[in-house]
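Two complexes are shown next, each including chain A; its partner changes from chain B in the first to chain C in the second.
== the complex of A and B ==
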């Protein structure tokens, strides 16, 4: 009986697969969202190494605080620690699916918080190959999804999904995502520019489980496929349920974060 | 010599088969030939300016650009429809393959103060609805942007640029400069078909590379029919025999194919200057053949009772020595181009000298065999050159000996003394004449906005030091000084970015367009700016990753290389006195700088090559004359014509480019041919017949004069053909060589015989 229903299910899946790619993609996204919701907040320390052309390298260090806002986009604060001239700067982003994000930057040398508005969210995150769009928190409604196929990536079964940004000023036409079938988190993202050509590739490594539920990568590597420049982020000290609230992630509170 | 001639004439089919086999094997090397149109082929791997530029490119990336020059047919660019069209063009540019960055008037990142916020956004974004009034307000705003104005937008707002940068690494297949230029032209054609308000033109470094390629292809397409027709016509005129023309044509083709084949085997690339090598080989091979066929014809005409083989044998015997000597001299001359600092000239020299040697080889093996096998008839027409000419020349030489010697020396040396008054100058856009779109479009750009020629600096400081107040202030001062220079159309440096951000951070008023005074403030401005720029328009090509160096770009109007050198020297001096923090590490670099130094460098190196060639050729002449005095005069007779031609050039044109360095070496090897033929003839006449000096000179002129005159005409005609090339380097080289050869003829027919007559040293 059980066997029968599996067979039936598989047959049904095959029949509908042609029509159901879009739904299937959305389902995967929703599953990801579902599995990762409810964390409240978390803090993490990032160490980012940039390798540019000509062999120049540079290091950045920052604390990142993320708070879950059910219904709207999440809020994310980044407190930069390194290098010296970046230390003390704090950025705060309220991500909104289809509207431009709200973004503030606290500049300690001026003791001022400036809201900076850019319709592209493609500004470089601390001079790295990641843009603010890339480090922004993910939400289901930011993209439309299309399931492509199952594929093995480094021996792990993944769903390959094409995410098309719904935001009109996105710097990407499409992001091809390899979703780990076990933990429903991305293992690889291939960013395509507005002309549909591969531009950047992000790889996620060493997922670990925190607070019994939430998988987070310990290392991310972004490669600019055009320039060969590489930005590597090592994540450490993940803290779920950390000691900060929504009122701390407020433009007027940025000065307090600055060290 | 007799033995040799007998030997090959005894087994013509053997010689024929072996030659044919050799030709097939060697010419197979042609498959290995590649054409390089990249402007960098003009510089050797060790060129110090190139090394400096490569260091710069490691930090900021190599600039491979195409520039769309957009101009409004009426009014300025700031109307809603024109701005919209500009965004369309910008998007189309982005969609080209291998794009790294596109900068245009519309996607210029304007930093604006809005209340207490800072907005960084495109000057005009596609799809945004604006009125004419709004557009004109944008124009006013654009006029306040020193980074934009004069760089991407002309000061009258009528001309704008869309600068497309490409990343072309080794993985890019085919000929990207050609493909991308082609695509850009298609974009322009499509665009022009639907838009009646804007004119589009195309320039940039890839358009330059493409123009070098086009120059090579055009020369091939234009010169081949002209040259081939001309040579065949001259040959027909001379020999009136299809068989002879056919035989010589085969020799020409074989010499070219083998010369190019060896080049292919050795991995010598073709480039726009060396593409003329086949034409040079063609001309020289024709000259070799004419000498032999003329001699054989003469023997046949004068000895109708003897058979053809005998005539060929006699002809060979007479010409084998001069043909060998002249070919060696010509090959030595070309080979001395190896000293050139600029590889294309070295390549040209090598290919031409291989070709010369093959022409020599085939004209002494295959040609006699053809003459034996082909059923050709000697034309019985009257000689092309009337004998009265030789009698007249002989009269001048024997009756006015001193006058002839002194007049030629005074005139020749007088002109030669002007040679150094030529101004060494190059405008590499003007290598291409008005037949090239690249030339016209780039001239337009240089006239209306400037910026085709650029100079870059990358002053160094400590890591994260570029936001230090002293560094920024000196950058600012240096930029300010540069802007006052008449050659400069625009200066872009980090200081301008800082002032722009400072203005926006302080409410946007004009007074705050100044540098921040605090290092931390400056550093944080830079972060704010960097984090706000959209992808692809970041600071990667402005500052190094570790922020220890920033780039300062100077755009120029139409500027010659000597003016550019002068500007960089003035800048160096000024920096030493006023901005010591920059002066140690700020070195001018860029393609323009490469071309600025190559002329002088080429002349310096070629001077050595020319001296060596001169030495080799004078040794040859001493050996031929077996007299020191005559050797000296013969050397003079060959050295004065190129020097005098340069002097004449100084009077008429006044400007020489990098190609000129090669002229003396190239022509020396060719003009000495006439001297050798003449000396050989004089010695022959003096030795064999019982005549006095005067009669020997007349006989030599009568017998060998026509051959010398005709080959000279062939050479002059051949090199003059090059003058129709649209590529200045080739045109000038051809023209100059033709002039030198003509002058040398005068020296060979008047000066040398007079000296011989005077010194009686035969």
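== the complex of A and C ==
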């Protein structure tokens, strides 16, 4: 009987411990969102270099415009500038948390705005190692969170949190995240495939503060752990409070953005 | 002549405004093309099975200020074995004004309506360039103006088009001729200078997008009547452009990873009224296994109720199915393969179209396409292409 009580007590403690880890993971996520909310909009120039296993490289350049939508997912427009076969192409995504996103692509050669079925977001973003799920905007409700431990990463104290996608059509089983304890932004993401095996790793470098509040990385590196292929994005010209509004990020107006 | 004058005037306008432009982007390409074909069907057609051409397209966007910009898309081709070796067109040349919800464009317009992949029955504003692409995917610019009002999740567009342009048709030495007979001067039912007008309202309702449109003007695809020249005793075909009214409906429904599409038209002319319909499914598999390969499958059915005796031989998609497979490797070279099959259910004829494109260096691309016609001898729309199966290889320098 005593043994049963000890086991029961241990089980209870373990349950409390799990709840505590979950609560703490969620607290970290909420704090991250709290610190990053209220930005309104921002624009940024991305230069993405793709490196294949053989050393062959290819470069893409694009402007990215993000607008915050309180109560729903953010809206994001990507306007490709290079290379020649992608230039003028414009993609627009409305994120919706646990519902499938809405996604459109303007194809300049056809003068056509095409709607895409975006329930499955595992497709490659512009031929890179990043998927549309990876470049989508982050929302607290997209994952459940479990705090694992504190850990030093490159000399910086981080929270290690396991993010489990709540979105039923996610291409990941889990994403392990290293959150900078000072700025509450990720320094490393380790993506696990649906079988739970590590698939890709994203590293974030050189965070800078904009508009006195919002931290953004100047460099991101995604590595495919299976193939060794690497995609590096250098971000520049961040503009918070940029000159565009929600009505500009309209699927009916994508042709305006195509240059 | 008038078209040339308008084009020159607009190009001149661009040059003037360009000096004020503070942000401009140029894009363009130069290509070489080689054909490997069977002997031609008609005696006048070039019998060189291996041909080459040089073509260039130039796209320009100049921003005068945040609200005004200029778009230009010009094209030129030198093809010695074509009936007209030197060809060019200003496909788009517009001065555009943007306010928050208002858009105004004037000049040479290039518009695209529709949701289907192989053919869009509703897409009626621009005439086709069937020498550049017999399937009609490449269009000619049309002079006019567009006034648009953006809604929260849709838009209203209205067009005024002051005169009509002809469809460009293959003739003489050209391959992909639709008839052995030469064409005589085109006839427009109400005169080429009659103004055409159109309105289109599109709206999104969560997973459903729809658009309704109305067009009043000359058709962009002619029907043909034989003419006997009493002096030379030669029969020619005259392209006739009927005055039409067309109401169109487009529907797209996103259901999971599936797109369900519909286009329907009701067209009224002095001689006949008919409906046209296209329905389609599109299913995308963004990632096959752990590779980055993305696969898209298309299936479409088309029906057109017009009198085939009257419109023959050029009415496409009267009772046809289309299947397509597109494989994007999503690799560093941007390699894409596409296989398309169009099958006429009335005549059991088939048209196979295989396309491939990849980057060979940062600015160099290679593109191949293979056309294969099978069992087209009894298909009035395709029988004249019976000997035009071909392989084309383009080397493209993008800048």
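Just so we're on the same page, the second predicted complex is superposed on the first by the 239 of 259 C-alpha atoms of A that agree within 3 Å, B and C clash if a C-alpha of one lies under 4 Å from a C-alpha of the other, contacts with A are read in each partner's own complex, and residues count from 1 in each chain.
FYI, contacts are C-beta pairs under 8 Å (C-beta built on N, C-alpha and C of every residue); 3 or more make two chains touch, one makes a residue touch a chain.
Note that this is a predicted model, so its numbers are computed, not measured.
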Checklist entry - Putting chain B and chain C on the same copy of chain A, do they fit or clash? => result clash
Next on the checklist: Output check: A:251 vs chain B and chain C. Expected answer is one of first, second, both, neither. What do you get?
Outcome noted: second
Next on the checklist: For A:110, using the defined touch cut-off, is the partner it touches chain B, chain C, both, or neither? Pick first, second, both or neither.
Outcome noted: both
Next on the checklist: Touch test for A:194: chain B only (first), chain C only (second), both, or neither?
Outcome noted: first
Next on the checklist: A:91 in the overlay: touching chain B, chain C, both, or neither? Say first, second, both or neither.
Outcome noted: first
Checklist entry - Touch check for A:243: first (chain B), second (chain C), both, or neither? => result second
Checklist entry - Taking the superposition as given, does A:28 touch the first partner, chain B, the second, chain C, both, or neither? => result neither
Next on the checklist: If we overlay the two complexes on their shared chain A, which of chain B and chain C does A:64 touch? Say first, second, both or neither.
Outcome noted: neither
Checklist entry - Which listed stretch of chain B (332-340, 350-358, 458-466 or 710-718) steric-clashes with chain C in the superposition? => result 458-466
Item to check | Residues of chain A contacting chain B in one complex and chain C in the other | outcome: 50, 52, 56-58, 83-86, 108, 110, 115-117, 119-120, 122-124, 127, 131-132, 171, 193, 226
Checklist outcome for this item: In the complex, chain B touches chain A at residues 58-61, 94-95, 100, 114, 116-121, 125, 167, 464, 467, 505, 518-521, 523-524, 527-528, 530-536, 538-540, 544-547
Checklist outcome for this item: In their shared complex, chain C is touched by residues of chain A numbered 50, 52, 56-59, 81, 83-88, 100, 102, 108, 110-112, 115-117, 119-124, 127, 129, 131-132, 171, 193, 199, 226, 243, 245, 247-248, 250-253, 256, 258-259
Item to check | Of all residues in chain C, those that touch chain A in their complex | outcome: 25, 27, 29, 59, 61, 63, 66, 96, 98, 100-101, 103, 110-112, 115, 137, 150-155, 202, 204, 209, 252, 254-259, 282-287, 290, 292, 294, 330-334, 359, 362-363, 365, 398-399
Item to check | chain A to chain B touching residues, read off their complex | outcome: 50-58, 83-86, 89, 91, 105, 107-110, 114-120, 122-127, 131-132, 171, 193-195, 226-227, 229
